[in-house]
Amino acid sequence: MWRDAALVAGKDLRLELRSRVAINQVAPFALLVLVLFAFALDPDRGILARATAGLYWVAVLFSAVLAVQRAFAVEVADGVRDGLRLSGLDPAGIFVGKVAALAAQLLVLEALLGLGVVVFYDADVAGMLLLVPTCLAATLGVAAAGSLYGILSAGLRVKETILPLLLLPVVAPVLVAATQAFEAGLSGPTSDGWRWLGLLIVFAAAYVGLGLTTFDLLLEES
Amino acid sequence: MTDGWGYILTCYGLVLAALVVIVARSSQRGRKLARQVPEEQRRWM
Amino acid sequence: MNDSTASTGTRVLGSITLVGFAALLLFGLVLSPADAAQGELVRMMYVHVPTAFVAFGAFTVTVAASVAYLLRRTEWWDLVAHGSAEIGAVLLAATLVSGMLWGRPTWGVYWTWDARLTTTALLFVLVLGYLAVRRLPLDRDKRAGLAAVVGLLLLPTTIVCHYATTWWRTLHQGPTIARADPQIDGLLLFTLVLGLAVFALLYVWMMVHRFRVLYLEHRVEDLGLDTAIAERRREASGALATPRPATGPVT
Amino acid sequence: MEPAVHLRGAVSLLGRFPALAGVDLDVAPGEVVLLQGPNGAGKTTLLRCCAGLVAVTAGEATVLGHDLTVDRRAVRRRVGMLGHATGLYEDLTVADNVAFWSRAAGARRGDADAAMARLGLDGRLAAVAVHRLSAGQRRRTSLAVMLARRPELWLLDEPHAGLDQSGRDLVDGLVADAAAAGATVLIASHELERARAIAHRSVAVVGGATARTSPAERDHVA
C-alpha cells in the first residue's frame, strides 16, 4: 500500500510540476478571495482584524474545492479510471497518495495565504506553535474528506455542482475548529486552542479511516 | 412577555400542514406505482 | 386487492397516529399548563423537541442502514436508508421552523448562530446533499453505493456537531430531559412524552409507506428490463439467418 | 486445457440497457480471436466484461481461471486493455506515463524502456507531454503501457484505428508476438481484412449475443 501511495503521490506532484494548475490558478484565486473580503467588508481594519482567522479558512476551503476538482478530473479523464482499476494499485494506496499530494499542495497554498493575511490584514502570527500543527491537522482533514468526495463526484455529469454541495458542509467543522484555534493562536496560545486542535485531529483521523475503507467502492462505482 | 399564541398556532399549523401534504403526495405516488406493478410483487397486500 | 401502499397493519398504525396527533393537539394546546418561565410559549416545545429527537433517530437509522448496505449489498437496506433520510429531512425541517418560531418571541430573533442551531442547520444541508446524490440519474447499484458512503458520513459530522455544542457556550437550553428536572410540571412532561411517542409512531408509519413506494419505484424500473433483453435477443436472431450458439475453441 | 475465456449465456447491463444479452464464447489460451459485428452489437462491452470492468449480471463468465460473477477484480492485473480512450495523463510526458503505469503493474524498469523502444517512442517523443501528441502517437503510447505490463490476455478494441501504415504493422507484429509467447488475444475490429489476417478465427457479435464462428485462417500467424 505505501509503495502504491508513494507512486500515486509522486505522479500527482509531477503532474502539478508540469501543468502548474495549482500554483498558477488555484493560488491566485485564493489570494483573490482574500482581497475580495477586504473589499466587501469595511476597509476599516477593525472588522478585518477580528475576522482574519475565519476569512483565512474560508479562502482555504474555497480553494480546496478547486484543488480537489482538479486532482480528480485528471483521474477520470480519457479512460484513466479504467487504467487505475486495471492497474493492480491498491485502492487504499491510491487514496493515501491522493491525500498526500493534495495536502502538500494545500500546505503551500496556506503558506501563501498566511503571507497574504500578514500583508493585507496586518495579522500578527505570534503563536506559531499552535498555528503550524493546526494547519497540518486541518489540511489533512480537508484533503481526506476532499479525496473521498472528489472520487465520488468525479465520474458524475454534475460533478462541478455537486462537489461543493457535498464537501463544504462536511468540512464546516474544520472551518469552525481551525478558526477557533487560529484565533487562539493569533492572540497567543491558550488551552482552548489546543482543544480545537484535538478536534481537528479527530476529524482528520475519521476521514482518513473512512477513505481507506470506502475508496475501493468509490473508485469502482462512481 | 406576550402570550405568543400567534407563534404557537403558526408553528403547529405549519408543521401539521407540511406533514399532511407529504403524506398525501407519498400515498398518491404509491397508488400510481402500485397500479403498474403486478400483484404478486406487492407482497404486503 | 387494493392499489396502494397500505395494508391492514399500516391502517391500524395510521389510525393510532392520527388519534395520537389529536391527543397531542388537545394536550399541547389546551390541557397542559403554561410554564412559569416561558408562559404559553412552552407549547412550542411539544413539536420542536419530538421532531428533533425523531429526526436525529431517523438519521441514525440512515447511517446504520448505510453501513449495513455496504456490508450486505441488499436492496432492503438501501431502501431503509433512503426512506429514513427523507422522513428525517422533513422532521428536521419541522424542527428548524418550530425552533425559529419559538426563538423569535423568547430570544427576540428567529435565528441565532448558536452552536446547536448552527450544527442542526449544517446537518440539514448535509442531508440535502445526501438526497441530491439519491436523485442522481445513475445505475441503481451505483447510486446505492455512493449514497451509502455519503449516508455513512452523516455520522462523523453529527458527532462533531455534538462536541461543538458542548464546547461553544451559548444561550440555548441545556438538555432538559436528561436532567429530569424536578421543577418540570407533571402534565407538561406527559405532553412532551406524548409528543415523542406520536412523532415516533408517525415516523414508523411513514417509513413503512416510503419503503413500499421506493420498492415499487424499483419494480417499475425492472418491468422494462425483461422486455429490453428479449428485444436485444430478437435483434441478434433477426440479423442472422441461422442463429446458433458459438462453437468451442478450434484447437 | 482450461479455456482462457469462457462465457456461457453472459448478460451484462449498462444501466437498464442489456448490452450483452446472452453471450457464449470459449477462447483457448494462446488463441487470437476476432470479434466482428455492427456498431452497438456489444463488442466493447464484451471486452470490458473480460477485463473485469463491467459486471456480468447473469450467466457464466470465467476469465484466466477467475470466476467473474464471484470476483471481477482479481483478473484485472492480468489483462491489458486497449480501448477507445487512451488511459493516459494528458499533462505528463510519454515516458512519465509509461513509467507510472508499468510501475503500478509491478513491471521492471527494463520492460518499460523495451516497450517504448518497440513502439518507436524512445528518443525525442519520450519527453513530450501527451496532450501535444497526435492521435496515432497516443495510441502507440497506450500500446507501450500495455506491452510493458505483459498481460496474459490482450483485449484490443479497434487497435488499428487512427494508426498509420507502420503503426498498423506494429500492432499486427505485437499481436503475433503476444500469441507466440502464449498470451490470448481478443480483437474487436471493423478492419476485417487486416484483422482476419492475424486472427485464428472470428466470432460474430450481433445484438449483444455471439452468433457464429468462421474457419481459422491461421497460416498468416507465425
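In order of appearance the chains are A, B, C and D, and numbering begins at 1 in each one.
Here is the rule we go by: a residue touches a chain if its C-beta (ideal position, glycine included) is under 8 Å from a C-beta of that chain, and two chains touch if they have at least 3 such contacts.
Here the structure is a predicted model, which is why all the values come from computation and not from measurement.
When the C-beta pairs in contact are tallied for A-C and for B-C, the bigger tally goes to B-C. Distances between chain centres, each the mean of the C-alpha atoms, put D farthest from subunit B. Inter-chain spacing, taken between the CA centroids of subunit A and subunit C, is 31 Å. Taking each chain's centre as the average of its CA atoms, subunit B and subunit C sit 13 Å apart. Note: centroid distance subunit A to subunit B, computed from Cα atoms, is 41 Å.
Computed from the mean C-alpha positions, the centre of subunit B lies at a distance of 54 Å from the centre of subunit D.
Within subunit C, contacts with two or more other chains are made by residues 138. Along subunit B, no residue makes contact with two or more other chains. A list of each chain pair in contact follows: A-C, A-D, B-C, C-D. Within the complex formed with subunit B, the residues of subunit C that make contact are 1-7, 9, 21, 25, 28-29, 34, 39-41, 43-44, 47-48, 51, 90, 93-94, 97-98, 101-102, 104-105, 202, 206, 209-210, 212-213, 216-217, 219-220, 223.
For subunit A in complex with subunit C, the touching residues are 148, 152, 156-158, 162, 165-166, 169-170, 172-173, 176, 195, 199, 202-203, 206-207, 210, 214, 217-218, 220-222. On the subunit C side of its complex with subunit A, the touching residues are 70, 122, 125-126, 128-129, 132-133, 136-138, 141-142, 145-146, 149-150, 152-153, 156-157, 160-161, 163-164, 167.
On the side of subunit D, the complex with subunit A involves touching residues 51-53, 76-77, 79-81, 83-93, 96, 100-101, 103-106, 129, 145.
Taken together, the subunit C residues at the contact with subunit D in this complex read 138-139, 221, 224-225, 228-229, 232-240, 242-251.
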